[in-house]
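Next come two complexes, and both contain subunit A; in the first it sits with subunit B, in the second with subunit C.
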Partner chain A sequence: MNMHTQPQRTPAETALIDAFGERLSLLPGDGAVMLKRDDAIEAVKHGLPTRRIESWHYTDLRRLLSAVPDFDPAAAAQAIAPIVEGSTVLILLNGVSSAKAPVVDGVSVQRLSEKLTDGSIAPGLDPYGSDDAIGALNTAFVADGYFVDIADGIELEKPIELQNLQAGGQTHVRLPVRVGAGAKAVIVERQAGEGAALTSSVSQLVLGEGAEVTWLIVQEQPDTATHLAQFKAHIGKDAKLTLFVMNAGGRLVRQEVMVKTTGEGADFKLRGINLLAGDTHTDVTMVLDHAVPHTTSTEVIRNVVTGKARGVFQGRINVHQYAQKTNAKMACNTLLLSDDGEFSTKPELEIFADDVVCGHGATVTEIDHDHLFYLMARGVDEKSARGLLVKAFVAEVIEELDDEAIVEALEARLDEWFVTHG
Partner chain B sequence: MPAVQDTIDRVRKIDVDQYKYGFQTEIAVDKAPKGLSEDIIRFISAKKDEPSWMLEWRLEAYRRWLTLEEPTWARVNYPKIDFQDIYYYAAPKSTPGPTSLSDVDPEILKVYEKLGIPLKEQEILAGVQKTDASELEEVSDNVYKSGRVAVDAVFDSVSVVTTFKKELAQAGVIFCSISEAIREHPELVKKYLGSVVPTSDNFYATLNSAVFTDGSFVFVPKGVRCPMELSTYFRMNEKNTGQFERTLIIAEEGAYVSYLEGCTAPQRDENQLHAAVVELVALDDAEIKYSTVQNWYPGDAEGKGGIYNFVTKRGDCRGHRSKISWTQVETGSAITWKYPSCILRGDDSSGEFYSIAVSNGYQQVDSGTKMIHLGKNTSSRIISKGIAAGFSQNTYRGQVSAHRKATNARNFTNCDSLLIGDQCGAHTVPYMEAKNSTAQFEHEATTSKISEDQKFYVMQRGIPEEEAIALIVNGFVKDVIQQLPMEFAVEAQKLIGISLEGSVG
Partner chain C sequence: MLEIKNLHARIVDDGTEIIRGLNLTVKAGEVAAIMGPNGSGKSTLSYILAGREDYEVTEGDILYNGQSILEMDPAERATSGIFLAFQYPMEIPGVATMEFLKVAMNEQRKARGEEPLKIPEFLKRVKEAAASLSMDMAMLKRPLNVGFSGGEKKRAEILQMKLLEPKLCVLDETDSGLDIDALKIVSDGVNALRSPDRAFLVITHYQRLLEHIVPDSVHVLYRGQVIKSGDKSLALDLEANGYAGVIGQAA
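The block that comes next holds the complex of A and B.
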């Protein structure tokens, strides 16, 4: 009976622990921040999560994270054009913020390294639980990012684009954003680069009363990169959050979405498309807490699996005991296009209130033969017909976004993926 | 639906936590000493007059069990079970394998009579010539009105009687207790026992493999359609005992069998453990239909007492075009941990799972199914209806997976939950895993309370609220009830009404 003995550390675990020792003197932070870092690395020392940890059931990080690259001070990432022209761009190159942040009325931007140094960000650094490996890893190593504060009542005309670009090595960034009461904004989170990096990125959004935010995560890492990301949000009274997640790259990707409705009338929409190709592993895990009465949510996830790709969607909706009148719906649809690919999904409902309407649906299938026949009967060759159908399957989710500039920008990203992975 | 009115009448008569099968019976018993050790296993094996290979099999399982830990992943909470504080063997005295009903302790027969289990009636129908009119009348009053059902009655650790054996034997069907099968048909038992649920399967199945005391054995040979419904009735009577039964059902090529299982236990303040294993094997073109009405004592209104029900049930569609169908109505037990599964190994095989799980008081249910698609063109269907009331927690946990070679695997899953009251919880945890592009999986789940509109609609036709709710609940579970054999359907409907008593209004 040796189940409780500590298993031997994997090379990746050892590399992370060693790297922490080496980086410690370079990491910004006051006493409180450094204490949190120490606690966080302790969690890493206990071992990366395996499939025995329920929330990591389909992504055995301990096994999948086979190697961890060293920090690379010489890495030089290149800036990219924003997806919507005229956006306010806040850029992080190899995990380092820029000293010259653009100025927008009503928006205050601070480098996170400064907030770490003065300790004002410390309370937000705690991982949410013992299985929060991404939170722990990020808290241990986070060195920079941006803190963005959008003042009450400000309605931004142009999106803010947060670019996190890597060129190998390791980057650990954090993006806390506060949106004031009644403010409106579109925020784009770009995750891209060219190297075989390990990135951890944690976005934390707080929406004030009546605020409306559309947040787009566009993840296009190269198929050599490991990308571990977390998006956390609190949605206040009558506030609306639309989160759009597009995963179109990465070798090992885990995108966690942790959302809580904290005020009555809050509304959350999640729309996601996962375009999976090659020999890659992509996991989107959502935990949604309906914590107060009268809140609503809908989630639609569409997945396209090709090659030897493995995809995962876990979505859990928790309805707390006092959250009466919750209305929550979730759908996860997958097109499994290759016999070597696989997709696993676990849509969960945890419901403690009785006056609710909650539902989820999940499907896994190949392309509908009737649809294919319909197109081919009109002279479209099979390959093009398949392409059309697959694209329509995911584009449907994008088109729901209403904002023309964003829909066009995302469709352009989609086209690019289809050109490369056709 | 007359049954609905019947449900309401019954509900009216009964207080909230009254469990109608909660009586105890004083019967002289033969018990093994308390606790678990290799000696106890040897004792059980000797009591059963088992061959040495069986003892070895048990001991191997026991040694394996010692290395395992209790699983904690299910959404159930209970104090740690002291496995040394349980009697692993309790048998009514004077039952060294009764050969006829007259050998059975009349006290036991009374128990079954009280439970409405027609042991005597079956004997009459089996051909023991008795034409006493009064007795026949008694027969027609019985729960199992419609037809002939062969019953294997398991009382604590032993099977006390199996009815209809002769007639079944004429058809070539073997229906007996598993202990008897080990003695009489060792070649069949050796071939199939543990082939679906191996001794190393999980904590409770391994424990069961080591200490199982009785259960039923069914063998339906090639091409035979079993001439009647088979049934086992489990009764836990003795205090502090655990019941560990093992059921093995084999349907050879083209065979068909329908099997029913029922269970009750006396009302006690202590919790009692029930860890069963059921294995089904369906060969080419065979079909097995397995229905359960589980009504172990659920504990009182404060959550004291009740049965811990940790059950491993699995069917293996080993042959092509075979079919296994599970239907369960779960209303009893303090804790239910049960996932009847199908392994769809043969090409074109199919699996079904229909479930109603009703929880009230402080009951905790974590139940569901697994459909493992391995063969080509396999299909499965899951319909699960959970009803949570009082302070109970009701979880559906299920897995559907298609392996690489399972081309054209097809699954449809529907799990709906109904919440009655704001202190209970309903949870849905489905796992879907597709590794084949031709797989087609659909899953849908909903959770809601009885809608005010539905209730209003019924009530404005002059039906009082409680009846309205009973009507709606019965409508909610209809899909599953329809799958039950007729005799059980009526009983199940009543049971659901009774289980929900005190929660509505």
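The block that comes next holds the complex of A and C.
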């Protein structure tokens, strides 16, 4: 008899556990996949993480996830235009992939439901660790997604846009992408929809030797939605990954980024902008492992906080003992525009090698009054001048991407946010 | 055009009174030079005219075309035609210079009830103005004033002045940081804007600038007051004899 007492389950925990029982017969995959699901729901039964779990200290999921919507088979999400015209679009409508995937030379696309059914995806379903609540939730419920394989040496001219669109209820999707040696691609992960949905979405990227990928996460959920997302990547020898994360919506958002450099010469760039408004909570948590020698990374996060919004950035860089000559730099800058908003930053460096260059910095500022005066002294009214300065603060990070089509597309998303929240 | 009457002003933060009963009148078409030793209140006067919030007017008034501007914010003053060329123009990362010029020109047009400029017309105007100031268009692709040399910043200020076509131009030590060639280019830019319906307030330490921008009147500012006014010969006198004599007479 186990004497350990469990705290009373929250309504959200109960709803998730009940939903698992109800969904079980509908979820694809048996044998190995089902074992993973069983293990995963056990983790949920032990309770959602609270602030006492270090990696969830600023986002007490147990408290913040106050309600969980039922699955809604009638929810009808609508496809949207890709941010870059001419992109190859792979659509998930309310968590369901399309049977008619577009065809691009050198790119193979498979529905994830098929890979769950045949069990070939099972090894990738393990959560990251005991505190990996998002991984566990997703493994328990994942029903579909896309598996994308970009062949060696393929250079895609147009981006691939993965649209994950919901219209209420729950959706749990997974997006594994393999990019072959020497291949080049821009991949856009679009997270949007309407209604009070709960979404979990896990992206898994593997970059072969010398591959170059720019991956853009554009999250524009409605301020009624809970969005729990993970991005995991392995960066091979001499491969380069630029991950750009834009959070511009959602009521409760956690975007985890777990990246490992697995080959010498690997380079990782994380660029993030969090546009936070209303009574919302947004958390970006990164764990970066420099696991081999001679790898580099830079992380720049810019946050704009208005209203009663709360934001979190946790950036943890682990430099393994063997990973000499690592060069890593991390910065998190916040523009706080209201008295009731807040932003918490926690940089962590764990360095076990002795010949490395690592640094981090964090700032919180208000709009510079001298800058405001200068713009107004040229006839720009106060509201527009503030808008220009706020936009400039985040646009700097976008412009660094150095790809005109992408910069334009992201600035358009930025403008869209300012129109509704400026 | 500009009438400053018994103006008293202090720094909001610490209450220090900088302007202490200043009187000055500048007519349309006039170029008035303001000279004075360090700390006499010259730059403060320029900021107060532009509406900077760090200063508080405690007494007196500033009339522009007969209307008090004290209740107007900096943007309203700018759209009504007041322009300050900053001594130290701010560097604003992330704001593209061209984008800023377009916004500023169109905001001013909007305030005057005019249509926004079409892009080709806007570009034409900027190119012409830049060429007249020997400015490279590549510079304008950079963020506003970021990485500009001291001289480039001053040229960029005059460029803005040309494009915005203000009625009252306040130049705060526009000559500082300029070499002789740049001084000539900037002065020519200012002179080209001289017209019967436009006034200039040229703040400077040195007679040097006034050889290029010849003033109609010269006013000596000391301890927050105009202690002496005269024609351009006053500037020459100050250059030859320093401020001591003038200050002595006033004391």
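Some points to look at:
Note that the second predicted complex is superposed on the first by the 418 of 422 C-alpha atoms of A that agree within 3 Å, B and C clash if a C-alpha of one lies under 4 Å from a C-alpha of the other, contacts with A are read in each partner's own complex, and residues count from 1 in each chain.
Note that in this section a residue touches a chain if its C-beta (ideal position, glycine included) is under 8 Å from a C-beta of that chain, and two chains touch if they have at least 3 such contacts.
Just so you know, these numbers come straight off a predicted model, no measurement behind them.
In the superposition on chain A, A:Ala32 contacts neither subunit B nor subunit C. Judged by the touch definition given at the top, the superposed model places A:Ile17 against neither subunit B nor subunit C. Contact with subunit B, but none with subunit C, is seen for A:Cys358 once the two complexes are overlaid on the shared chain. Counting residues of subunit A touched by each partner, subunit B versus subunit C, the larger count belongs to B. Once the two complexes are overlaid on the shared chain, A:His371 sits against subunit C while remaining clear of subunit B.
By the touch criterion defined above, A:Leu389 reaches subunit C but does not reach subunit B.
Legend: residue contacts after superposition of the two complexes on their common chain; A:Ala181 is shown touching neither subunit B nor subunit C. Judged by the touch definition given at the top, the superposed model places A:Val104 against neither subunit B nor subunit C.
Those residues of subunit A lying in contact with subunit B across their complex are 1, 3, 54, 57, 321, 324, 334, 336-339, 341-366. The touching residues of subunit A, counted against subunit C in their complex, run 369-371, 373-382, 384-385, 388-389, 391-396, 399. Interface residues of subunit C facing subunit A in the complex, by the touch rule stated above, are 50-53, 73-75, 77-79, 83-84, 86, 89-90, 92-95, 100, 103-104, 107-108, 111, 143, 160, 164. Subunit B meets subunit A in the complex at residues 66-67, 69, 73, 404, 417, 419-449.
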